[in-house]
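Look at the two complexes coming up: subunit A is in both, with subunit B in one and subunit C in the other.
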Partner chain A sequence: MILIENVSLSYRDVPILRGIDLALPKGGITALVGPNGAGKSSLLSLVARLQPLQTGCISVDGMPVDTTPSRTLAQRLAILRQDGIVASRLTVRELIGFGRFPHHQGRPGALDLALVDAALDQFDLAALSDRFIDTLSGGQRQRALVAMTFCQGTDYLLLDEPLNNLDMFHARQLMRSLRRIADEAARTAIIVLHDINQAAAYADRIVAMRDGRVIVDGPPAAVLTEENMEAVFGYRIRIEQIAGKPFLMHHL
Partner chain B sequence: MADRRLLLLLTLALLSVLFFMLAGLRGNIAFVLGLRGLKLLALLQVALSIAVSTVLFQTVTANRILTPSIMGLDALYVFGQTALVFLLGGLGYASLNGGFKFGMEIVLMVALAMALLWPMLKLRMDMGLMLLMGVTLGILFRSLQALLARMLDPNAFAVVQGASFANFNALRTDLTLLGAIMTLVAVAFCWRARHRLDVIALGRDAATGLGVHWTRSAAGLLLLVSILVAVSTALVGPVAFFGLLVVALAERVVKTQRHAVLLPAAVLVAITVLVGGQAVLQHALGGASTLGVVIEFVGGLVFLILLVQGARK
Partner chain C sequence: MIDRKPRWTNWTIGLAVGLGSALLFCLSLAVGADDLVFARLFDDPATVQLFLASRLPRTLAAMLTGAGLAIAGLIMQTLARNRFVEPATAGTAQSAALGILIATLLFPAATLATKTLIASVAALTGTSVFLMTAHRLPPTQPYLVPLFGLVYGGVIGAIVTFVGWQADLLQFLDIWTSGEFSGVVRGRYELLWGAAAMIVLAWWVADRLTVVSLGREISVGLGLSYQRTLQLGLVIVSVIAALTVVIVGIIPFVGLVVPNVVSRIMGDNLRGTIPWVAGCGAFLVLGCDLLGRLLRYPYEIPVATVMGVVGGLLFLRLMFMRSAHG
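And now, the complex of A and B:
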């Protein structure tokens, strides 16, 4: 369980998060939605200890993120950042292999190598495995980064806009993979999503944020109402029911 | 493939060492070998510390063009030498206890490096801002040094000149043993961290996500860098472009940035260039030029080529 208590964050006196309280139990997919600048990415990077906490506390399975050894956390929690910049020149296989680093500390065993191969297959990257990351298209690079995050094999996955640059086929495939690990392996995914219909179709819970606050929180059917969406996004969105799921006509 | 290339580099390095030790051997052979051996030891140590420190520095700063000298470390060294001559006079400077002076130089340079880095680590200061600080401090020390040099008498100025340029002929062999121990300890730490270095090269956020304590690792590595630079500068004087030259060459030969390969490759290239170059200048060209000048010239060219290549990308 990830417990976020009274977390606020400001950057040069500009408030980014204001008193967030959230409890995310183990298992299932939680989608964070909201307009640009709502604080979704900041919240994820605080949970993943990429930024120091200013106020409040965050714990993962009872371990406070600011004092627990980084390696222990890396075995429980993996994060995919929005700006997937890779500083060094690596092949796809090498990059995905780094996902196993928290477990083997530089000496990969047979299990680690097998998991890397499985991730290559799962994300359609086997044919690209010896290509250098800087020669890939944006979508292919995004898939390699997602594969690396999956490969870390953690109970909690924090994904910041994982569908960036992905085509429809691979976006659907990624969401289905997440659904599968949530259902079969009881792993937990927390995803920042801009495509709200993906959230409606795959998430168990939607947390809608605006201006550093949680506006609504609950199962998709309860959150995705015209009133709530107007409060979050600032305009009226028509919502239809298609195949038993709410479908937002957000582009009209 | 990388292993075979590493073997090739090893052969080249061994050949340069053999050439350095055996070329033009005559007279009292035991005496000559002893003298050359001591000099070789100092050269090896300089090659090791500059190659390793440059690789570490480039990994931590995620920049393939920077070298530790950009942090103003060599400028501080020259300033320190000038200040000593200014305070003690040429004769007083020459009669200083070598070991004591060496120790003080190293402590001072490590202290400066940490003073530069501490704010960055505490305030999560931007790496670019910190490097700008390093460049600015470098200018400050160079200007102070120039001011002091103007106020010196010509004899003392000649002493300063001797101390402020890289000199591979007048090595401080008296300090070799102390320096060798420090270098080996520092290099052993780097070798143990080679897998962690690969992860650190991914960048701060990715490394943190993979369980590396970034602040602690970066501080430790930069401390190692400053110790290595201090040792090599105290031994031969400042060399700005040597590290850049050997790491760029090594990277192109082994074609990987994995530290388990890159670190030894850079060290072997450094040995080949330094020991081989010194031997060629001494025996084939009759000491026509000083190695420091040649290395800085070639290294400067490589620096420009890297800049142009980077701009084209």
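And now, the complex of A and C:
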């Protein structure tokens, strides 16, 4: 379980997060939604100890993120940031292989190599495995970074806008992969999504944020109402039921 | 731009560099103001003396320096996440020269090892300041980092010149700052084996350095101690730079050109590329030293001058290849 207690954050007196309390039990997909600047990415990077906590505390399976050895956490929790700029000329296979680094510290075993092969297949990257990542398209590179994060094999996956640059086919495939590891392997995904209909279709729980606060939190059917969405996004969105899921006509 | 990692590179390049180096190695042993005939090594003590006291040390020094500088450049580029920096242009070598100057002024009787130690500390300080500043520059402007490095190195170089002038040490300064191997004899180069030790250390921690090249956030996400690895890389760069400045002087371009060529062909996975960067660096510096010995035979052109021309041309070629392929 990821436990977030009374977490606030500010940069130069500009508040980013204001007293966040969240308990995210193990298993399932939680989607973080909200307008730009709501604090979603900042919250993820605090959980993943990418920046220091200012107030409050965060723990993963009882381990406080600010005092637990980084390597121990890296075996439990993986993060994909949204601005995944990789300037190094690594091949796709080498990059994904570094996802196993927390487990082998540079000396990969047979299991590590097998997991890399599996990730290459799972994300349609086998044909690109020897390509240098600086020569790939944005979507292909994004898939390689997602595959690297998956390959880390952690119980908790934090993904910040993983659907960036992905075409419809690969976006759907990624959401289905997340669903599968949540259902079959009881792994936990916490994922920042801008496509709210993906959240409606695949998430078990939606946490909607605005101005550094959690506005609503619950299963998709309860969160995705016209009143809630207006409170979060600031305009009226028509919501239909399609194929048994709420469908937001947010573009109209 | 090569977009796919070629499968043939490992053994083909290895064979070419290996054969080329072996050839240069033998040539370098043979070429000098005095003739050295290999056949006489077995019966002529003077030939043996020439071989052991001058030719072999000089050849080994050139190869160690080349390998070391290329690795120092590679690691500096990895740490700065910028392909256009190297110790000779970004303040490391100049800081090392400042260290030697200080050592000479304060402890005139200091041994070579002590001077190297002080130069290493100075290089470490100078490079840390460079790196801290480089990490603050906007990543959207990759040319700011080498530009800042040039200015920074220039300022430290100017301080060195000023202090040297005031202390009437300009002639010594010239010896430290323009790299050449003609003064290398037995007993005056052995410290350079320290550079070999640093290369082994770099290879030992190669995976950690590659992770660092992916940036702070990915490094932390993978549970790597980012700061500690940065510091370790800085120590490797500084020790190599200090050793080479103390013993041979500043040689430009090696640390810039060699890692760029290797990265272009084989990528940036340091576990695989460190041996080739070291090998190609050794090959390049030995080749340039040999060229300097042959061009005006029996006189010599300093290796730094030859490297300035050869390295500069190679670098220009790299730049034009880059722009032609986007």
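Note that in this section the second predicted complex is superposed on the first by the 251 of 252 C-alpha atoms of A that agree within 3 Å, B and C clash if a C-alpha of one lies under 4 Å from a C-alpha of the other, contacts with A are read in each partner's own complex, and residues count from 1 in each chain.
Everything that follows uses one rule, which is that a residue touches a chain if its C-beta (ideal position, glycine included) is under 8 Å from a C-beta of that chain, and two chains touch if they have at least 3 such contacts.
Bear in mind that the values here come from a model prediction, so they are computed numbers and not experimental data.
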> Looking at the combined model built on subunit A, do subunit B and subunit C fit side by side or clash?
Replying inline: clash
> With the two structures laid over each other on chain A, which partner does A:Asn36 touch: subunit B (first), subunit C (second), both, or neither?
Replying inline: neither
>> Tell me the contact category for A:Arg131 with respect to subunit B and subunit C: first, second, both or neither.
In response: second
>> Is A:Ser70 touching anything from subunit B or subunit C once the two structures are fitted on A? First, second, both or neither.
In response: both
> Given the touch rule stated above, what does A:Gln152 touch, subunit B (first), subunit C (second), both, or neither?
Replying inline: both
>> Taking the superposition on A as described, I'd like to know which of subunit B and subunit C A:Gln241 touches: first, second, both or neither.
In response: neither
> Of the two partner chains, subunit B (first) and subunit C (second), which one does A:Ala78 touch, if any: first, second, both, or neither?
Replying inline: both
> Intersection of subunit A residues contacting subunit B with those contacting subunit C?
Replying inline: 45, 48-50, 69-75, 78-79, 81, 85-90, 94, 98-99, 101-102, 105-106, 152
>> Taking the touch rule as given, give the residues of subunit A at its contact with subunit C in the complex, in rising order.
In response: 45, 48-50, 69-75, 78-79, 81, 84-91, 94, 98-99, 101-102, 105-106, 130-132, 135, 152
> What does subunit B use to touch subunit A in their complex?
Replying inline: 62, 124, 194-196, 198-199, 201-206, 208-213, 257-258
>> Which stretch or stretches of subunit A touch subunit B in the complex?
In response: 45, 48-50, 52, 69-75, 78-79, 81, 85-90, 94, 98-99, 101-102, 105-107, 152
>> Give the list of subunit C residues in touch with subunit A in this complex.
In response: 1-5, 7, 81, 139, 206-208, 210-211, 213-218, 220-225, 263-264, 267-269, 271
